[in-house]
């Protein structure tokens, strides 16, 4: 079982690197949706002692929202503005990957420094969660397009949800609420706003959304 | 019973969204605001009538204080909103700065979101569980986003996008922080109530310090983004300058306080765990940084709504400094939260009047408000002195209390920086105030601009709608009154709330 | 003799004899120039003549112009009443009377200046400007010098300062006295419009200070001005003289000695006027500042060689009762 | 006590009533002027009564314990002494204001003006009555803000608004120092860090006391206008209506002196250097003030700088007093403080008189430029005569009040110089020299101010057309002139009445005070006698002159112009030319800019000359400092560049820094 868990966590990290490295929007979307699927599977594997219907419900919800709904919505947005082509990021892809590796190392170190007080959680869980969250944050910072930033946000949220699994045993309700609400934000609010942005400007390049400023 | 103030506006929101006709909807808005205020008043008088809802919801003095501010503010703003909506809603108006045409969010959605905003903020104040608190604050972000995007044009959209993304990132960080707190709770003592404030405080000694510290930091950064502490404040000026005046008033006056309340909650847990100094020190640094950044951006600020927004950043900094110092500072900070809400809300409403009269947000193009819109002009001056901490307004006492805490704790660096920055902000804002309020000649920009045609000459006196001046008058009168006399029940509430923050 | 009577006596003597001083000065200058010169009583004759003359007033002038000479003369007469030039106390002697003295001379100056400005004449305005300029520098020199003396002689009333029974230049404070006398003599020359500061009998308006201010005065007013000038000469001269002349305690000897001393001062003035040329205007302030420096130096010296006398008199009511009694 | 508070309440009521009359300007004018005047007169009466009866009542109501505030007011001789000029001058100024504002066009402005006038007067009264730090500060702030409103009465003019900004910023920064000072005194006081801030509890010792002293010096000095914190005075006073300038310069800046004196009573015996500090501040302020005044040709600006000078004189007096205290020589202390306090009163009288006289003159001639006036004395005889009295009084000439107060300070200094320890005597020497120099320069300055603007021939048609102002503008100045003369002639009485207060401030026991008075009063009596003699002599000589002239013919002609054929009013000496020798001599601090077209041709057609003396400290010290701080802070603007990604980066970076700082 632990083998499965370890491998899933490793896969999670790999998808994050994938998100960092891929230049095409569609593959980014793919990476995020794979993350969603993995995340949906994790609670079933972790062997949390909770009524199984609950676990399945949680898995189902996150699969539905993160694995399917949001990627679809993103696809729609991408098609609507026909933004399939390469995006010119602030930080180049190779450099992003390097930074990603650095982040990975950092989160591994942090995971070692701060062991969970609760015994029995897989060693890789905290580092994987942190790494995914940090990657998401980095994508928000490092990419121009609002769509990709939304994906970054989703990745970040995935990381947090993964960490939530570590405490899902004692705080199941909290974790579920968190997952749900975050997904809700990501899907609806951001989706709607991106939709508005598409309508208002015929581009979704967040970098050009910078008319409100004080610096001369 | 305690759910009532939360559910009432929520239900009303749904109804408001359904209703077609404007008039009943507006009546509903004011009525609900009034009822809510009445409920809160009753709650202040007889808390026993509002038993806690399990371990999840209850109202302690800290929550009651902020709930009171929010409810009162919302009542006044709803009155202002009636006049505002009568002027604005449904109309397609031309943008004063760039001249393009735009229309506004449908009034039904707007009103619904307003009521939802009230409901979620109420939830923030009554929740006793970090999860619920997080949910509530997340919800405020969701319902307030459409409010900011009331004017449907690219600037407000940009402001909204920044607001959503920054606050969502903050919220996500806060969620992680909440998880960390949960992780700090020793295993076995599980159960859904293990994250309620009371359980955490009573078992504070058993919490894992490292995770608690980490959780505190994450929550501070997460909710601090919402509260507008520099350098996490970036969304604030954009949102405040683009939102309609009453929304800016609610954001500054109520929403920032809610985030502040959330920070106080986790601080009280830390204090119980003996981490009080740790938390207060960080808050002190945040406060001074915020004051400095705000001062820097207020000096030479050309847009008066942005100036007010930065002033909010400054005052959030003052709150943080007060809490950071502790002692008299706690009292000062809580009292200052009250004064700042009242004053800043009034100022934003007045800014709305000035914008309506002059059609520009550039302070350089506004001149002689005292002559042209006398009531607003006079209130504008009064409000500035109130926000700058001049007596007889309440902010004077609260800022004095905070300075006193600094002096008696002998931290001279804080004393010097605090006074210096307050003086700098004063020097920065007073010039703008004088330029806008005084003088009488029509400014060249207005005379030349295309919009000068449909506006009377800048010196000619202009009619001021009653509701538009009544609301800020009430607010300023209140804070003025607080400066002269702090009623006993308020004083007691603040004192108890300060007690909750824990000594250490 | 009784002290009050003495005061009255020396007051009247001064009133009568004052016009002699310019007479002596002029006679000395005449001797240097090898002329016979005017009689000593010439000033008396002039004043008497002027009193009878008719007056011509400028249409520009008002009551300020007419009041100037009257108030000026009155002021200097009262000042004379403050100065105990003949040793024993004057009519108005008290602790700090030296300030009253300076104040009264200030009154005289003030009214002279505004009277000059009342004419609206550019020349008199110029004279007024210069008068204000120099006197504003002369006043600190005078008062600071007196402070130095007060330190050396442990008193702040003119009677206490001037009424010492013995004075040896070598004794402690001698240097101080000499410095201050130097300073006061400069002030004396400047205030009385003598060479090298001003030339009383040139008639080129541009070079004059005091004379140009009274260009428009005539008749009785000019008589008042002339008489006032002689009294002022007497007052400041008497101040300097009294620092030098020792007192015997015998009133007639004192008065005689004082008159002699004043004659000496007058002669000294005459000598200075004969052997020196008038300074360029820009040099005058330097002269006055030098006087101020001398006074300051005097005070510094006095501070160094006089131990604090506070011990002598209890902290409460230092220097009281008035040191005239000593 | 309640009786003492009654005038305040009445004053506020008048203000509110006037404000409510905004729509009826005429009524507002009448009610405002009469009401404020009556209330002030009543206050004056009550104060005098309280002083005579030796009232020492007090009242303390609970207010806001959390910040140590309580509504504590009390009456003592010091309070009473400062209440006298506050009420007295405000009554007179209200009368003058009624006339001065009769031409103001907008009614709302007038109503607001009287509202803030009443606020200013009552807040000043509250400042001196207050016995709690917070109450004091509140009153202090209301005083500043209401006076700002009064200064910017004519805010259509750009320079007026600028002056308002300068004033507000200056006074606010000063208040910041006061806040810290009071809190420091509270922390060091008997009630402890969290206790009440009543004056009874304030206190400090050792370095804390010195810190409080310096803070008070800066905070109160800004209001009082000591160099180099004086920069707002020469801006605000010309901008304000004349009666407001009179009130502010006459009494409002004196609240700063009150504050210093009051704070000195909280902290123990002063170390030597406090006295030295005040003496040097006084010397610098006095000399600088009069020098800058000398170089002005705007008459109200000139008067404003003279306020700086007189504050300097008062500081010299306080310095002498402190020196006396620190050496335990009671005479010196007593005389110094007595002189300083009496000069406070005197300056209120003659500076009020001068500002209102100058206001009337510039009102009549339509300009404040001395060089455009002239010959006003025969056109406005009453105002001119009163102005002359004021000019002589401020020059410290006998037999007027200015001389008496300066005499006391001189006496203190001479006592110290003659008998004190060397350190004290040296300071006294500085005091003597400074006072004498100030006096001499003041004579130069006021002969200029009076002579050029009121004497000679009018330099412009406007000045020629000037006519005497109405009674509401002449009566006040006449009253003040009479007061100046009265205090001058009855100096001994004034000092006798002042003695208990001076003794209390100098911490001299009544017995010692009696001894000192026994030593001082004979001199003052003699001064009075001398003044009488002077008056008698003047009368006698005038009669003699009249008799003599009656016997001979009196003709009138043109002024003797040395043969020039076409005399012209513009050939008269101007104020700039009158002052030029001195301004040239003190070119270093003044740095007067001169611009002129050199005369080239043999028969030059036209030539110009203009001179302007900017304020050294405003130009050289504060403007650069403020600009520097502003530039430094606005460096932070780049933070707000509008790029969302970097905003998110801020969040991430902050989080990272905190985690590393606290957990790393």
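The chains carry the letters A, B, C and D, assigned in the order they are written, with residues numbered from 1 in each.
One rule holds in what follows: contacts are C-beta pairs under 8 Å (C-beta built on N, C-alpha and C of every residue); 3 or more make two chains touch, one makes a residue touch a chain.
Just so you know, these numbers come straight off a predicted model, no measurement behind them.
Chemist: Averaging the CA atoms per chain, pick out the one whose centre lands closest to the mean of every protein CA shown.
Modeler: The most central chain here turns out to be D.
Chemist: Mind checking the centre-to-centre distance between chain B and chain D? Centres are C-alpha means, answer in whole Å.
Modeler: One centre to the other, that is 44 Å.
Chemist: Roughly how many whole angstrom separate the Cα centroids of chain C and chain D?
Modeler: 35
Chemist: When the C-alpha atoms of chain B and chain C are each averaged to a single point, how far apart are the two points in Å?
Modeler: Roughly 77 Å, centre to centre.
Chemist: Centre to centre, by mean C-alpha position, how many angstrom separate chain A and chain D?
Modeler: Chain centres of chain A and chain D, defined by C-alpha means, are spaced 70 Å apart.
Chemist: Pull out every residue in chain B that's touching 2 or more other chains.
Modeler: Each of 161-162, 165, 169, 210, 214, 237, 297 in chain B touches at least two other chains.
Chemist: Using the touch definition from the top, which residues of chain D touch two or more other chains?
Modeler: 637, 639-640, 644, 648, 663 - these are the residues of chain D that touch more than one other chain.
Chemist: Using the contact rule from the top, write out all pairs of chains that touch.
Modeler: Contacting pairs: A-B, A-D, B-D, C-D.
Chemist: Quick one: in the complex, what on chain C touches chain D?
Modeler: On the chain C side, the touching residues are 51-62, 64, 67, 70-71, 73-75, 77-78, 81-82, 92-100, 102-104, 106-107, 109-110, 113-114, 117-123, 125-126, 128-130, 132-133, 135-140, 142-144, 147, 150-151, 154-156, 205, 215-216, 219-221, 224, 285, 292, 296, 299, 303-304, 308-310, 312-313, 315-322.
Chemist: Using the touch definition up top, name the residues of chain D that touch chain A in the complex.
Modeler: Touching chain A from chain D are residues 637-646, 648-649, 652, 663.
Chemist: Given the complex with chain D, which residues does chain B contribute to the contact?
Modeler: Listed in rising order, the residues are 161-162, 165-166, 169-170, 173, 210, 213-214, 217-218, 220-221, 225, 230-232, 234-235, 237, 278, 282, 292-293, 295-297, 299-300, 327-328, 331-332, 335, 370, 374, 385, 390-392, 396-397, 400-401, 403-404, 407-408, 415, 419, 422-424, 426-428, 430-431, 434-435, 438-441, 485-486, 491, 494-495.
Chemist: Residues of chain D touching chain B in their complex?
Modeler: Contacts found on chain D: 63-64, 66-69, 108, 134, 137-138, 141-142, 145, 152, 155-156, 158, 161, 164-165, 168-169, 172-173, 176, 179-180, 183-184, 186-187, 193-194, 626, 629-630, 633-637, 639-640, 644, 647-648, 650-651, 654-655, 658-659, 662-663.
Chemist: Spell out the residues on chain D that touch chain C in their complex, using ranges where they run on.
Modeler: 327-332, 374-375, 377-378, 388, 392, 395-398, 403, 406-407, 410-411, 413-415, 417-422, 425-426, 428-429, 432-433, 435-437, 439-441, 443-444, 447-448, 450-452, 455-457, 508, 511-512, 515-516, 518-520, 522-523, 526-527, 529-530, 533-534, 537-538, 541-542, 544-545, 548-549, 551-562, 569, 571-573, 577-582, 585
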